[in-house]
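Next come two complexes built around chain A: one with chain B, the other with chain C.
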Partner chain A sequence: MRNLLSANLLRLRTSMLFWGCLILMLLLGAGFTLQRYWEQIAYAEFGQLSYLDEVLFRHGLLIGIVTALFVPMFFGIEYSDGAIRNKMVVGHSRLSIYFANLITAAASSLAFCAAYILAVLALGVPLLNGVRLTAAQCALLMLGTLVLSAAFSALYTFVAMLCARKAASAVVCILGVFLLLFAGIYISARLSAPEFLTEYSIADDGQVVEEEPEPNPQYPRGLEREVYQFLYDFLPGCQSIQYGDMSAENPALLAAYSLIILTVSTGAGAALFRRKDLK
Partner chain B sequence: MVNLLSAGFLRLWRSRSFWVCLGVMAGVGVFEAVSGWRAMMDFRSSGVADAIVSLDSRYFIFPFLSGILLSPFCALFTGAEYSDGTIRNKLSVGHTRAAVYFSNLVLCVTAGILFCLGYIAAVLAAGFPLLGPMRTPFPVVLWYTFCAVAMTSALAALFTMIAMLCQSKAITAVICIFLAYFLLFLGIYLNNRLSEPETYPEQQYVQDGQIVTAAAHPNPNYVRGGKRAVYQFLYDLPGCQAVQLATTIDTGAPPRLPLYSLAAVLLSTGSGILLFRRKNLK
Partner chain C sequence: MEYVLVTQGLSKHYKDFKALDGLTMHVPKGSIYGFVGRNGAGKTTLIRLICGLQAPTAGAYTLYGADSNQKDIANLRRRMGAVVETPSIYLDLTAEDNLKEQFRVLGVPSDDGIPDLLKLVGLEDTGKKKARNFSLGMKQRLGIAVALAGDPDFLVLDEPVNGLDPQGIIEIRELILKLNRERRITVLISSHILDELSKLATHYGFIDSGRIVKELSARELEAACRKCLRVEVTDTRALARVLDQMGVDYKILDDGQADLYAQMNISQLSRALDGEGCELLSAQERDESLESYFVNLVGGDSHA
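Up next, the complex of A and B:
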């Protein structure tokens, strides 16, 4: 296992893909920070201020996409070059190969997150206003995003280790993450619909009269709302949306769901990989 | 060329990725019609008078999907020619590189048009009985559909160029998918920027039960001059066009859009063939 990990890390250090993704995250962190800074300048006359925490946790939104690009391309080579068979021939178990790849994927995604945070802090501390959250809230959000990135890595490792065709696993991972993100946007829109709709009318004397509020038919109620809320907290793409727009109210619950996803996908992936015909 | 096309179409009908993409387009078409009908029923059960969800709002969605589904399809379908060594076989039996390129282009464009038709057939078949006929005049629908199909063909040409010039199927798939999403998000961003009002008009709003009037003031976010021209040019590109088509349903899509699509087909195919003719196929 240690040999596998050290070989993976060595390959990581020389991988152009890894460095490309790392630089991309750095640039995105810098870009988002500068965008908020320019907005602050453009709207200065209206008194708009930009805060560091508005961009500090946005890697939660990006990490799923960047890891979806990295993991299948990096581990798909193991199949196309026959490296997996070589590893088994020299005596490594399938489980240790799977776990070494999972750890490498998770470590890479954490490095991508770190690159983003570093860029935001380097530019955001001198350019933007401080953080409005408490230290505990910041720590919880940071923990949540990092566990989410590990969960994404586990899901993609599952796909990359079970699909021998690199192109197919890349397509599944990239289309899958966008599907999850769109599901997050859709569920967010449904959950944020107002429960009641209020109309205003102007009386003959010019006074504004508030009409009796009417229930909004588009507002999900009862079991439907519970299902939407569960999916919004559970699905990794929905969690990404919550971290991206800073609306995550319970990061500890989200982190717990991410851990469940990580555990279940790794368990299922390892079990299926043990039975897989590697040809 | 005829032989290449006939072999290609035979492969297309047997391609799993083609049928999966077509199935997804048709499935989304049915889903959109049914979800529109469900929303209409929700409104009616809440007592909203003249609650109608029009079929039009569900019909005009397919340009958003066609490019996204076409990107993995073109990469996998055309990329298989490299991974299976078919391209070399075709060249060794005497076909020219231009003929090989054109045959793949025709296949990808055909697949793109069929994806559009798959959605249209499904949304009309499910939506017509559930939501009633379309309200937009037929010529406008026809023009919109033509513009959307032209845009899909332009994207197919772009993806074919990438697939024919990049020998790694996986890299092609990644580039094509990210390009499709990038163009779509760019279109959304440009639409937001270009639709910013030049000045905020005088506004009246209710505060503490009283009507308050706010004076008109210039919008600092309004895009002006050369920057606006660049934004407008990018907004007219295929991919971004999907957003523009969706926002111009009432007024009718500008006639320049299919011309931009045609220009994109000609440019990408011309440069693609030039580069493919010089490419070392190993």
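Up next, the complex of A and C:
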């Protein structure tokens, strides 16, 4: 597998796609940081302060999208150009090919995260205020986002290795990540809905009268709320939303769920790839 | 005879379709084995199986004597190189980078062999040109160079001259002959272009409907396809006596027919037979090409 990893890394070095994604993450990191800085200047008279941690973990929101662009295109070339055959003909096992590609995808994804973080630190440290979180909280959030990026990589590797058509696997990954993000936005809205709704009415004398609060039908209760909460913590798109708006309360749990996704998708992908007929 | 590849009852089914149906073939060491069959006969399926791209539904094969079900078959595949259907090359890389990539896949510690390999296939002057901009012949030669990166002694080429112009066909032919003669590489080559194959192959395997219908050496095929005069006579024993006296090479087919492998003077033959009390009933010149041999073998509905 070391040979396969070496070959993948050599191809990464010359891949325009890889460097393009890396630069995109650098620009996004710089862009978000500068945006917070300009907001701080614009609203200085209201005493608004921008902090580094407001943008430092936002790669958790972006990494799913950028990796969805990169992984199916990078590994899809092996099918479209037929180069995967060169690995199999000379005796590399399907498992080693799958795992080498997974490791390459995860390493690339971590490199994209690193590019974002570097840009944020390079601009944010001199321009923004410091970090409000403790070192332990920061470490947990960082760990969570990095494990999430690995989980995304595992899901996209699953698709890219099992779907021999590059365009189809790219569409599946990109549509998939946006569906997951929209699911995250929807579930977030449901979970943050108020439990009770208070209605106001205008009395005959023209005074505004506050009615008795009534239960909000949109507020999920009991088992429904537990299911929503589980999905919000479990699904990678929902985790992305939580890291993006800094609402992740339990990053360790999210990281554990990401590890489960990584393990299950890799196990299933490797098993299916072993039985796949290649052309 | 020592064989590089032997398949035994190899079958591959895709749902109800039998792409290979108990195929048995023998590729001798050092040979150029021409694998001939019409479209859909199962040539590429067989190549996919022996390259490990697909698993057989039934049957097995041995590569250098090792059974395909054994674990060390993966190690033995390192002695193989293959170009299956289209050349397996990264189109966005140069020829040199493609070879570097394959050297990494193989774990070759140094890139020193790349210039020689490029020279061998005639791509030493391609420089920074991406494979995407290569002609079909250049891509095919680069595919062969990639297949040769591991210094294999068994090369599998699936339709290597398909779509090439005459110059490209000649280049690939000369390359294959060079590899076989100078490096002693055994070559399994499938091709539709039978005339071209006849200029290369030392052995042939004819496949139809997923089965090998005939395996023979080029010498045997040449004998079968030799230009001859087929004569019909009343007494083949008398014919044999006459031909022996004339010193003519012949083959008795049955009681009334024989093939004569020489330019014959019909009047002279007829007079000589008359002297032996035998009549010459008919004489027909026959010249069977590889193509007509193949068509006769598998039926003439469609061509290879």
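Keep this in mind: the second predicted complex is superposed on the first by the 266 of 279 C-alpha atoms of A that agree within 3 Å, B and C clash if a C-alpha of one lies under 4 Å from a C-alpha of the other, contacts with A are read in each partner's own complex, and residues count from 1 in each chain.
To be clear about the criterion, a contact is a pair of C-beta atoms (placed from the backbone, for glycine too) under 8 Å apart; a residue touches a chain by one contact, two chains touch by 3 or more.
This structure is a prediction, so every number in the text was calculated from the model and none was measured.
Participant: Touch test for A:49: chain B only (first), chain C only (second), both, or neither?
Facilitator: Touch status of A:49: no partner.
Participant: In the overlay, answer first, second, both or neither for which of chain B and chain C A:252 touches.
Facilitator: In the superposition, A:252 touches no partner, neither chain B nor chain C.
Participant: Let me test your reading of the model: by the given contact rule, A:4 touches which partner, first (chain B), second (chain C), both or neither?
Facilitator: second
Participant: Can A:76 be said to touch chain B (first), chain C (second), both, or neither?
Facilitator: First partner only.
Participant: Of the partners chain B and chain C, which touch A:139 in the superposed model: first, second, both, neither?
Facilitator: neither
Participant: Scan A:272 for contacts with chain B and chain C and give back first, second, both or neither.
Facilitator: Neither partner.
Participant: Pick one for A:174: touches chain B only (first), chain C only (second), both, or neither.
Facilitator: First partner only.
Participant: In the complex formed with chain A, which residues of chain C make contact?
Facilitator: 48, 51-55, 73-78, 80-82, 84-93, 97, 100-102, 104-107, 146-147, 150, 156
Participant: Using the touch definition from the top, list the residues of chain B that touch chain A in their complex.
Facilitator: Within the complex, chain B contacts chain A at residues 39, 42-43, 45-46, 48, 68, 72, 75-76, 79, 169-174, 177-178, 181, 206, 209-211, 220-221.
Participant: Flag every residue of chain A that touches chain C in the complex, lowest number first.
Facilitator: Counting only chain A, the residues touching chain C are 2-4, 6-7, 10-11, 14, 16, 77, 81-93, 275, 277-279.
Participant: Quick check: in the complex, which residue numbers of chain A touch chain B?
Facilitator: Chain A residues touching chain B: 42-43, 45, 69, 72-73, 76, 166-168, 170-171, 174-175, 178, 200, 202, 206-208, 214-218.
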